[in-house]
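Right after this note come the structures.
Two complexes follow with chain A in common, the first pairing it with chain B and the second with chain C.
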Partner chain A sequence: MRDRVSRRTIFAFIGPSIIALALVGIAPLLYAGWTSLHFFNLTKLRRVKFIGLENYGTVLTDPVFWEAMGRTFFLLASALPIQVALGLGIALVLHRPGLTLLKTLTRLSLVLPMATTYAVVGLLGQVMFNQKFGVVNQLLGGADINWIGDSTNAFIMIIFWDVWQWTPFVALVLLAGLSMVPGEIEEAARLESKSWWVVLRYVQLPFLIPGLVAVLILRTADTLKLFDMVFTLTRGGPGSSTEFISLMIQRVGFRAFDQGLASAQAIILLIITIVLAQIYIRVFYKEV
Partner chain B sequence: MAAANRRAPPLFWQIALLLVIMAVCVFPFYWMVTTSLKTQVVALNAPPVWFFEPTLENYREALFEDGVLDTLINSLIIAISTTALALALGVPAAFALARFEFRGKKDLWFWFITNRMVSPIVLALPFFLIAKNLGLLDKHITLILIYLTFNLPIVIWIVTDQFRGVPYDLDEAARLEGASQFTIMTRICLPLAMPGVAVSAIFSFIFSWNELMFGLILTRTDAKTAPAMAVSFMEGYNLPYGKIMATSSLIVIPVLIFALLASKQLVRGLTMGAVK
Partner chain C sequence: MKLRNILASTALAAGLAMGAVSSAHAWSLKEAAAPYAGTTVDVVFLLRPGYEAIEAMLPAFEEETGIKINIIKHPYENALGEQVRDFVAGGDLDIALIDLVWIGNFAENEWIVPIDKFTTNPDLADPNLDINDFFPLVLNAFGGWNGTVYGLPFDNYSGLLFYNRCMLEEAGFDGPPATWQDLKDVYGPALTKDGKYAYALQSKRNETQSADSFARVIWPFGGSFLDENFRSNLLSAESQAGLQFRQDLMQYMPDGIVAYDHAETVNAFAQGDVAMITEWSAFYSTVVSADTSKVADCVEIAPEPMGPAGRKPALGGFSLAVASQADEDEQAAAWLFIQWATSKANAAEYLERGGVPARQSAYADPALAETYKFIPALVESWQDGVPEFRPRFAEWPEITEIVQEWGTKMMLGEVTTEEGAQILGERMEAVLEEAGYYSGDKPLAQ
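Right, the complex of A and B next:
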């Protein structure tokens, strides 16, 4: 059994982290809470005044906010299935024995997209998807597709980059899951059944579930956070067709200067995130 | 699947598939680097050219005339400092979470982890106003501190897990010899937990180096980070694509080399908690 440790010792170990996270993580939130209850426009700082929950009322009834929220989940719902399907395919290929060198090289190249600066992915998108001198249109046989200036195409382009950057993550997580399947069980199953589908469904899938859950949680959080790549690629445009939730809040706060309203939006986003995280973690995750 | 498909698809198709996967992963970097070696005239050629006379002019201009070198140094200072700070704070906290029993531990762990899920924009708005009022805009320390909001949870998450893997008997033995908890952590557990500490340091460094939004909002000139610099080329009508790609290469390539060297640890960290 573990021996008892005094409160003072515990605090000496964990206190500094709590204080640091409280200062940089909670103090700003309290300040945002205060701001959200005020009319607070950066260009009209003399007219800051308490207006109660008015900002929250505005956000909750604002179609722009809910459209951005819907767009964010639509992105998640369109990119994630592609990432899981491709990722699973890649993991299954890499899991097969043989071709060791080639597979090691493939695994290495899968690390690259994930490590790439998100902002640079956006800048690369600008260059590669340019209508006139972009290489993508050239590779499509000299197509004349307006990627960045068209709402639907811009959205497809965002999905493309999200899939490019995060499919490797899904693939590596699922590959790690596949390697947890005991070798003799997999061998026995392969002797029993010739169909790869049966082996996948009844033997390998149980080992993939934790990985799929982790992917779901992390991709949800990352999509709610998504900012850098879209900001450098489309700035949320054209119109508001790629304005996801974090971009919208940034626009309201720093380009329309309405910090009061943006703070209310941020706090509602925070509540949605915490509720989702609670649900996900309580349902799926083992804790300390 | 047809019954004809016995064990593996024919070798040829496997090889082709692997090559395609590699090409898709690597091609954007190839295009980034080649574009960075083009003059503006060549870069704007429609359709794009694949063979041309390369020039390093974009790099020279970006690094020495536009000040990209300074921003790279800023990014380096900030990423190293915030990583060091996150480790100094997070390792003892992880040790406490792994080794001590106390009330509210689950809630505390949950709070640490939730921090990672929160969109940075939620913190960016108030942090901007606070930094403005305290005169902390455009200072390195501001970014070093705010990056703790995602680095500290990463360190705590990975290192807690690693400490739990260190057998408890070792602690006990040391304890009978009269060692303090601090000595047990630094002398006995930490050396054995080094792989986890290294993984979390790598993540912390890469996340901080790659971050754009806080850099954009909280810095202007003195503490401007490299990604914020790359974005600032995007203003105006005639975009200097070669220079933008040169700056992008300077930002990304060091991280890619770093990631390749540490790829085993990186993959371990990424998939950790995902397979159990």
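Right, the complex of A and C next:
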């Protein structure tokens, strides 16, 4: 069987993907690695020079970088539990028998927030959270809350939009996990216990763990690269209150044009993401 | 002195060229453009009234010359990045649109061509170019760098005080405040009531924070970004007085002023929510149009108020310069367009369509002030502005990011003006040191 598939055939199938990946993924990464070792400012290209790990040293000792990183993880820590709680609730409701048509419509509508372009979400936010004309303040009984111009409120606004956009994703992933639970085991569990919590903890949760780990990894990566929505909504402000790590890297690389420093920041971010993903997998998969 | 040298040498070159031309044949745009008919010129425009004005006039130019102008529109915040990437990559842009704070950057990178390449070419130089007709301050600040003129002023601004006469009269005032102190101490309390505010200072964390907010308060109080040795001057008593004044003035501004960009500020004024704003002359057409302003009949214009150091109005605006990456034909076609767009002959129509020309002759007719109320204040502001209102050297893109961050933090009360100025100054000096200003590698040029 193996002899009948030639190396050429294997390469013909896999090769294009590898080449595409190398071109769009690996080549820019290598280039970023190269620029991160240089003084490389787009407006000072005559002064490009090798500076070793100096950019990395600058990043690691820069309090602004770590403040942005801390802010990003605070967003993750604030939004993700809400997304998991709401997503699990929605998934459990949709998992119950009956009301097939309504559940199908609900599943379809869950896709809408995810399908909305990030930048559009930010622009919607600008209008909806406008202090004077925004629908949010109107819904709050004509409240005069300054959402975009206040540091705390702006952060809350970002959490709101992140939860709005990504709770459906969590719900759909967890719903898929619930559908993996064998029907007879779940029925038996319900006969054994009236407590929904017992059923969830000892029967359904083991099937949800792989999905939850996937959610954790994907949402962490998404939050670390969150850019479009915040850029169009607050541009990182007011002050630095919503300047998450991706906005900071964009600011350094494309507004101050220091590509060397921005590349070092991006590579450190990549390393943090990989380490976190490994930790998630090792810690959470042990329980399965 | 430097300005005089620039003007004198440019005028001399232009004069010599014109003399040679006039003895040979009468110059016409059509004949000058004939060799370049069919050439396409790529240029970045902003989404602002001055650009719409020239765009509306463009068919006449294209018809007469056969040169096609391809306009790529960007919001201000993207314009620098897009152009830098294009020039670094050897892209398609044939004309550089240069904010006055970008001129050092563009010139030092040799992305733009000095205008004498064209003004000394009798085939391309319009005998009526009359470079001395531009306001000297504007020509120097927008188009000149280190003794050389690169660009001609195109979209020209001066900071002006826009005030709502009706609101002021209702509060018992028969005119606008003459000084910043009056604006805060007298007009502020009287006009801030019933959900209305005396004043709004656009302070969003982008170039608006640096140019419209931070710089606007340090200069009238005698402060500046740098001293004569290029060291931070932000901790000086004068700079601190200006920054503290801004903090005190915020009580008479709408909540969340740090989120206000030009659009929000002009809109607040146009809706009648704010009695006074200090904005660029370019927004005049927006606030006096009944389509975009509820207070069109109440709008009056005055020069910006004076501070202890005098009237130091905000200065901003854009020049157009030929890009060095363009080939010879494209450069010639680009120059013909720039020369036409900024010409004396077109200034009146440009003004009428919502643009603000930098030609002194365009404002010579006193009757114009009745139609365009901003003219007297504008002309006055351009007599005695500060070319270095924001430093124009190549390092400004890095420094403005620092100003934006710490200027906003000051306004939010996250740091005091002293703490903010201390950190801002240290970071600003680090950028300048790295650039070689302190080691003597670079001259202390602005």
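Please note the rule applied: the second predicted complex is superposed on the first by the 267 of 288 C-alpha atoms of A that agree within 3 Å, B and C clash if a C-alpha of one lies under 4 Å from a C-alpha of the other, contacts with A are read in each partner's own complex, and residues count from 1 in each chain.
Criterion: contacts are C-beta pairs under 8 Å (C-beta built on N, C-alpha and C of every residue); 3 or more make two chains touch, one makes a residue touch a chain.
In this text the structure is predicted, and so the values were computed from the model without any measurement.
In the superposition on chain A, contact of A:Phe254 is made with both chain B and chain C.
In the superposed pair of complexes, A:Asp150 makes contact with chain C only, with no contact to chain B.
Contact comparison for chain A: of chain B and chain C, B touches the greater number of residues. In the superposed model, A:Gln83 lies in contact with neither chain B nor chain C. Contact with chain B, but none with chain C, is seen for A:Ala115 once the two complexes are overlaid on the shared chain. After overlaying the two complexes on the shared chain, residue contacts for A:Thr43 are found with chain C alone; chain B is out of touch. Touch criterion not met for A:Thr242: it reaches neither chain B nor chain C.
Contacts of A:Gln204 after superposition: neither chain B nor chain C is touched. According to the touch criterion, the shared surface of chain A, contacted by chain B in one complex and chain C in the other, consists of residues 132, 254. Those residues of chain C that touch chain A in the shared complex are 80-81, 84-85, 88, 105, 109, 204-206, 255-260, 273, 394, 397-398, 401, 405, 408-409, 412, 414.
The residues of chain A lying in touch with chain B in their complex are 2-5, 7, 9-10, 12-14, 16-18, 20-21, 23-25, 27-29, 31-32, 35, 90, 93, 96, 98-99, 102-103, 105-121, 123-124, 126-128, 132-135, 137-138, 142, 164, 168-169, 172-173, 175-177, 180, 190, 194-197, 207, 210-211, 214-215, 221, 224-225, 227-228, 231-232, 245-246, 249-250, 253-254, 259, 262-263, 266-267, 269-270, 273-274, 276-277, 281, 286-288.
In the complex of the two chains, the chain B residues touching chain A come out as 1, 3, 5-8, 11, 14-15, 17-19, 21-22, 24-26, 28-29, 31-32, 35, 43-48, 89-90, 92-93, 95-97, 99-102, 105-106, 108-130, 145-146, 148-149, 152-153, 156, 160, 168, 175, 181-182, 185, 206, 209-213, 217, 227, 230-231, 234, 239, 241, 244-245, 248, 251-252, 255-256, 258-260, 263, 266-267, 270-271, 273-276. Those residues of chain A that touch chain C in the complex are listed here as 42-45, 64, 131-132, 144, 146, 148-151, 234-240, 251, 254-258.
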